[in-house]
Each structure stands twice: as C-alpha cells, then as structure tokens.
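Quick one: this structure, given as structure tokens, is what I'll be asking you about.
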Amino acid sequence: MVLALRAGSVLGFLLLWEWAARVPISFNFPSPGATVVAMLALLRSGALLAATATSLQSLALGFGAALAVGVPLGLLMGVVRPIGRVARVYLDLLIALPAAALVPLVILSVGVNIVSSAVIVFVFSVPFVAMNAYGGVRDVRPRLVEMARAFDASRWQVFVRIVLPSATPMLLAGIRYALSRAFVGLIVAELLLSPFGLGRLIMTARSMFEHDRMFATVLWTLLLSGAALAALARVEARLLRWRV
Amino acid sequence: MKGDRFAGVTAVVALALAWELVGRLDLSLFLPPLSRVLVAWWRLLGDGTLARAAGSSLGSLVKGFVPAAVLGVMVGLAMGRFRPVRLVLDGWVNALMAAPLSALVPILIALFGLRDTVVAATVFTFAFFVVVVNTAAGVRGTERSLVEMARAFGAGEGALFARIYLPAALPAIMLGLRLGVVQAVKGMVVGEMLISLVGLGERLIYYGNTFLITELYAVILSVLVVAVVAAQLAQACDRALVRWT
Amino acid sequence: MSDAGVAAVPIAITGVSKAFGPVQALADVDMSVRAGEFVSVIGPSGCGKTTLLKIVAGLVSADAGRVTVGDRTVRGPGRECSVVFQDFALLPWSSAQKNVEFGLLLQGVAPAVRQERARRAIARVGLTGFEAAYPAQLSGGMQQRVGLARALAVNPQVLLLDEPFASIDEQTRRVLQDDLLRVWSDERKTVVLVTHSMDEAIYLSDRVVVLSPRPGRVHQVLDVPLPRPRELGDVRASAAFAGLVDGLWKMLRKLQ
C-alpha cells in the first residue's frame, strides 16, 4: 500500500510531464523521454561531466571555506558569549539578505572565474554553518556541564567531552542545510556569470533553444544535489548512531 | 531580550562606522564609504528609480507569495491530515525543498517567456515548499489527546479540522509563512536578475555591468531593507495570531 | 444546580475483548455499574483499564462484546458520557472559559447559554476569577479543574475519568478528590474512574473493579462499605480504610 502509493507518485509525475509535453502547453517543453535521450547524449559527449567537474570545483572551494570558517566561528560564538551576541547580528543579516544580490559585486571585485562562484557559494552557506554550531553550543544541557565540573574537569575537557559532542547533531544538521544552500548559490552564480559549469550549460542550451538539453542539465543538477545531500545525510546518520 | 536588542544596534552601528572608515582609506574601488552609498541611495530615491524598481519587485513578490501561501497551507493541511496524500507527495516536497530551485528559473523562462511572470513564478517556487512542509508538520504534531477529547465531545471531521487541527498547526503554519517570506524575497531577486528586465534585480545587473559601484551598493541595501521589512511584517502577523504560548 | 436534573443511568459491559495487533488488551470483560454509582477500575499497568474506559466512551471500538450506557448501545462517542483526561487535554490556544465551553460549542448550544453554563461549571470547581487565563498560566491542579468543569458543563449522565489526578501533586490531589466527591454527591452522576492509586480507588468508590494483567479480565470486585460523606470526616485515618487498602494491595500483589 505504502509502496504502491510511492511508486504511483513517481509514475503519476512522469505521466503528468509526458501529458504536459504533448498538449503542448508550450513548444519549449520536452517530454521525459526526450530529456533522458538528451541527458545520455550529453553524458556521452562528455560535456555534462566536464561542466559537473568545474561546478564541483567551485562548490568544494566555497563550501570547504565555509566549513573552515563557519565551524570555528560558530563554536567560538557559543563559548565566548559576548562574541556570539555581536556576531549573530551580522550572520542574521547575511541570512536575511538575498545573497544573489551580491553576485554583481563579486564579479566586479573578483572577476569571472572559479573563485567568484566559490565566493558566492561561501556567502550562501557560511551563515548556516556558523549559526548552527553556535546554537548547538548554546543548547548544551547545563546539567551535563555541572556534572563534568563536579568531576573536576578542566575547561578544555568540558569543551571536548561535553560541549562538542552535545553540539554535534545541530552542527551536522546545519552543515547539511548549508550544503543545500551552497548548491543554490552555485547555480545562481553560474547562471548569472560563469563562462563554465552547469549553469553555463543550462544558459547556452536555453539561448540556442535546445530545450531538451536544457531540461536534461537542470534535471542532472537536481539529481546531483539530491545525491550529495543524501550522501551527507548517511554520513550524518552514521556519526549520530548514539542517538538511536 | 533587551540586552540582545542593545547588542544588535551596537553591532549594526559598529559595522556602519567600520564601513565608512575603511571606505575612506580608499583601499579599493569596490568599497566606497557608506556615506557616498547613502548619497547615491538618496539620489535614486529622489529620481524615482528605486520606487519604480521596488514597485515592480513588490508586485511580483505579492503575486508569487500569496498563491504560494494559500496553496501551500492547503496542500500542507491535506498532507498532514490524510496519509495517502502524504505518501504521494512528501518525497517530492522534501526533495524540492532542499533542491537548488534556482536551476528551475531557466525552465520557467522557457515556459513563460522573458516576462515578469517569471519573477512571480520564481517567488512561488522558492516559497511554496517551506510553507507545505511546516504546515504538514504542524498538523501531524497535533496532540493526540486533544483529538480524542474533541471526539469524546462529539466532534465530526469538520469540527476536528476547524477546532483542533487548524489552531494546533497555526504556530507551525506561521513559522512556515515567515520562512516562506524570506525565501520569497530571495526568489524575487534571483528571478529578476536572471530575466534582467524589471525590478531591483535588473538594477543590480545594470549597475554591475556599468561599474556604478555606489549605485550598486545602494540597490543591495534596498534589497536588504525589503527582505528585513518583509520578515518583520511576517513576524508581527505571527505574534498577533499566536498569543497563547 | 438547575441543570443538574438528569437521571443517572447504568452501564453494562458484556463480553468485551480488544486486541491491538498481536497484543490482547482485554479479554471477555463483564462488568456493570448501577445508576449513580461510583466505580473505580484498578489493575497493574498494561491491564487495559484505560482502553476499557475508552471503549465505554466510544473512542475505541471493541473487537467483541457490547457496552450499553442507559438504553443506548455504544457505537461511538455519545452525549450521555463526558470524559476527563489524564493529561487534561486542554486547548492551549483557548482561555479557561472557552475550554469549558468547548463541549457545549460542539453540541451547538447558543453562545449566551454556553457562557452562562460554563461560568457555573467554573464556579462549581472553584475557578471563578480565572476565566480569562490560558492553560499555560494555570497550575496542573487548576488545569484539571478546567477539565472537570468542561466535563460537567455538558451535564452528562455519566462521568468517565481516566487517571485524572495522576499527574498532580499529592496535596492538590486530595483537594481535587474531595471536590469530585462533593460534585458527585450533589449531582449523583454515574462515575467510572480509572486509577492506579489504591488509596484513591478506596477513598472515592462504592466498588473497586480489579483487572488482571494482559489480557485484562475482571479479577475481582471489591465492595467499599465506608460511610459517606467521606469528604467531611477523616476517613483516611480510620482502621477500616487501612484494612481495605491493605486487602486491595494484597490482591494486586498476587496479580503481578
């Protein structure tokens, strides 16, 4: 029953897509079959994989920097409360700001290259990493800290043995959410500026009215981010086995 | 709470001062002092540029967000209450909520053409799923004992919905709408920048392409103001509606 | 009380069984409650006593057997029964007044009548002055008073109480027990109380039904011949009370 409904859901979506392509609601709307054919062709020609490799470089650069900066910053904010109170104001602003608005500025100051996409990825993802690390440290149960103190633990021991493990679940959830935002930033950046990567492939196909190739690349992008997020979720589940 | 507000104001003032000072050092063409940005902002306000752009932007925001909110709450309620609906939809909804929906904008352009409808459609796409997910979670989080109590007093499906599920889900629905508004503004900017035809997004692209840095900063600040005001408005609605906690 | 004028009705439970998946919760339970009688159901945890109460309330349907309340066979929730819940089940978004009105609202009672009857029920449980308070602003004892007032406001013939005082501190619980007895002796409703407190069962009831553990069956029925009104005297201190509690304890210990 559950399986039937879930399978029916996928089938229903494909039928709806097929129907939408046949009506046609727009001549720019390829069928699922045509999209898959285009995707296979793009894979075979190597264009899709090359673009993916380029995009993932920007992503790795930007997201890696976001982790390298965000995790220590968030932990520091949680441990030294005055820093937390001030820094969270800036992070809240950064979260509220539609970061896409910064793309023209980044292009102007960094130029159009892999680094500029990486900077956008960084700006999109870093506030979520830092805020969740901060929140995780703040939500540590005071009772546990008291317990460790009662056993004469040093500040460092309290941090490593109590604070860090307590903060880990929220930190990891933040990292996963940040990765999803990183993909959003990557695609925005590439659609707007990049002479390479998946975004460029999408825009080129669109400008040449090759809508099957455009759909194929969009679908590929969504699948790629879905796979990356699912993989991260598995790592997270493994690290958090103690939560049952 | 009061301490937080004080820290907030201090932090913003400090940022403004630092911006002004670093800007005056003339380190880079790309970091003009805040005062020059504000002058440019004032000029753009005066000549109607910002008003025109923001008017178009807000129009798209409303046109996209209102349907996203209404439909999102309806779909979320159905998903929360009826298991088959949930089983059919929740995979899609969860996947799309985390997906880089910005990749869909070119598809929206292909469907609607290069028109401001695309912006409204982008706003809808960005905001819809957050609203659905939170509404459904709110309905599912309804205390079972309340449902049982209402049934004991003879409540039918309609009364259960109106008197138990809806109010129980209201805090979660309002949270979804608040998050939805934030996403909506982001969708608005992305959509406008990509079609590069109307609104604040078009101004960003234009000033970026023409190296008008102070004007570019002025528009970025305007976008930030729109985002913060929209979020604050949603929060005020939340507080007015959910007063029992 | 002008609206206290409903005749109490008897409850008859015959051959009731209920299983949840592989777990047999109740097996062939027979039990009857006379009109206006106060009966407690007690048993080890997992004996299905709450399930039995929910079957009487019409919230859970039995796999086999039959329950009649008055001359109605229970097939779903009915107006002659009101339930008081262990976790109070108050609407957090509604004031005490609105919570008490809730049952009347669902019955389609006109607003003016509703307000008046709710106000009287609130006065009945000693909460006058707290009408505008939200549940979160009330203590546990006061919240359960609201729950009791809500049950009384619809003026039921039968009051079903599911461990109503289990999550309330001991002193408050005693006060609430006395309040319940006072309401009961004024209005003579038929009362079924599910509890795990031997003390409470003996103190409040005319008879105590002891259920055996999984699957729940009626193990024994204990008469409580203590004089009434108990809420005025010092019944708990009497030797008779102690003897009854001890007897019940021995019975329950054998069942574990």
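For reference, chains read A, B and C in written order, and residue numbers begin at 1 within each chain.
Everything below uses one rule, namely that contacts are C-beta pairs under 8 Å (C-beta built on N, C-alpha and C of every residue); 3 or more make two chains touch, one makes a residue touch a chain.
Note that the structure is a prediction, hence the values are computed from the model and not measured.
Q: Go through the assembly and pull out the chains touching subunit A as well as subunit C.
A: B
Q: Name the two chains that are joined by the greatest number of C-beta pairs in contact.
A: Highest contact count belongs to chains A-B.
Q: If you average the Cα atoms per chain, which one ends up farthest from subunit C?
A: Relative to subunit C, the chain whose C-alpha centre sits farthest away is A.
Q: Can you tell me which chain is nearest the middle of the complex, judged by mean CA position?
A: B
Q: Can you compute the centre-to-centre distance for subunit A and subunit C, using the mean CA position of each chain? Integer Å is fine.
A: 54
Q: Using the average of all C-alpha atoms in each chain as its centre, how far is it in Å between subunit A and subunit B?
A: Measuring from centre to centre gives 18 Å for this pair.
Q: Nearest whole angstrom, what separates the Cα centre of subunit B from the Cα centre of subunit C?
A: Taking the average C-alpha coordinate of subunit B and of subunit C, the gap between them is 49 Å.
Q: Indicate the residues of subunit A shared as contacts by at least two other chains.
A: none
Q: For subunit C, give me the residues that contact two or more of the other chains.
A: none
Q: Mind listing the subunit A positions that touch subunit B in their complex?
A: Going through subunit A, the ones touching subunit B are 2, 5-6, 8-9, 12-13, 25-26, 28-29, 85-87, 89-90, 93, 95-105, 107-109, 177, 180, 183-184, 186-188, 191-192, 198-199, 202-203, 206, 211, 214-215, 218, 221-222, 225-226, 229.
Q: Along subunit B, where are the residues that touch subunit C in the complex?
A: 143, 145-146, 148-155, 159, 163-164, 167-168, 170, 242, 244-245
Q: Spell out the part of subunit B that touches subunit A in their complex, as residue ranges.
A: The contact residues of subunit B facing subunit A are 3-4, 7-8, 10-12, 14-15, 28, 30, 84, 87-89, 91-92, 95, 98-107, 109-111, 182, 185-186, 188-190, 193-194, 200-201, 204-205, 207-209, 211, 213, 216-217, 219-220, 223-224, 227-228, 231.
Q: Taking the complex as given, what residues does subunit C use to touch subunit B?
A: 54, 57-59, 77-79, 81-83, 85, 87, 89, 91-94, 102-103, 105-107, 134, 136, 154
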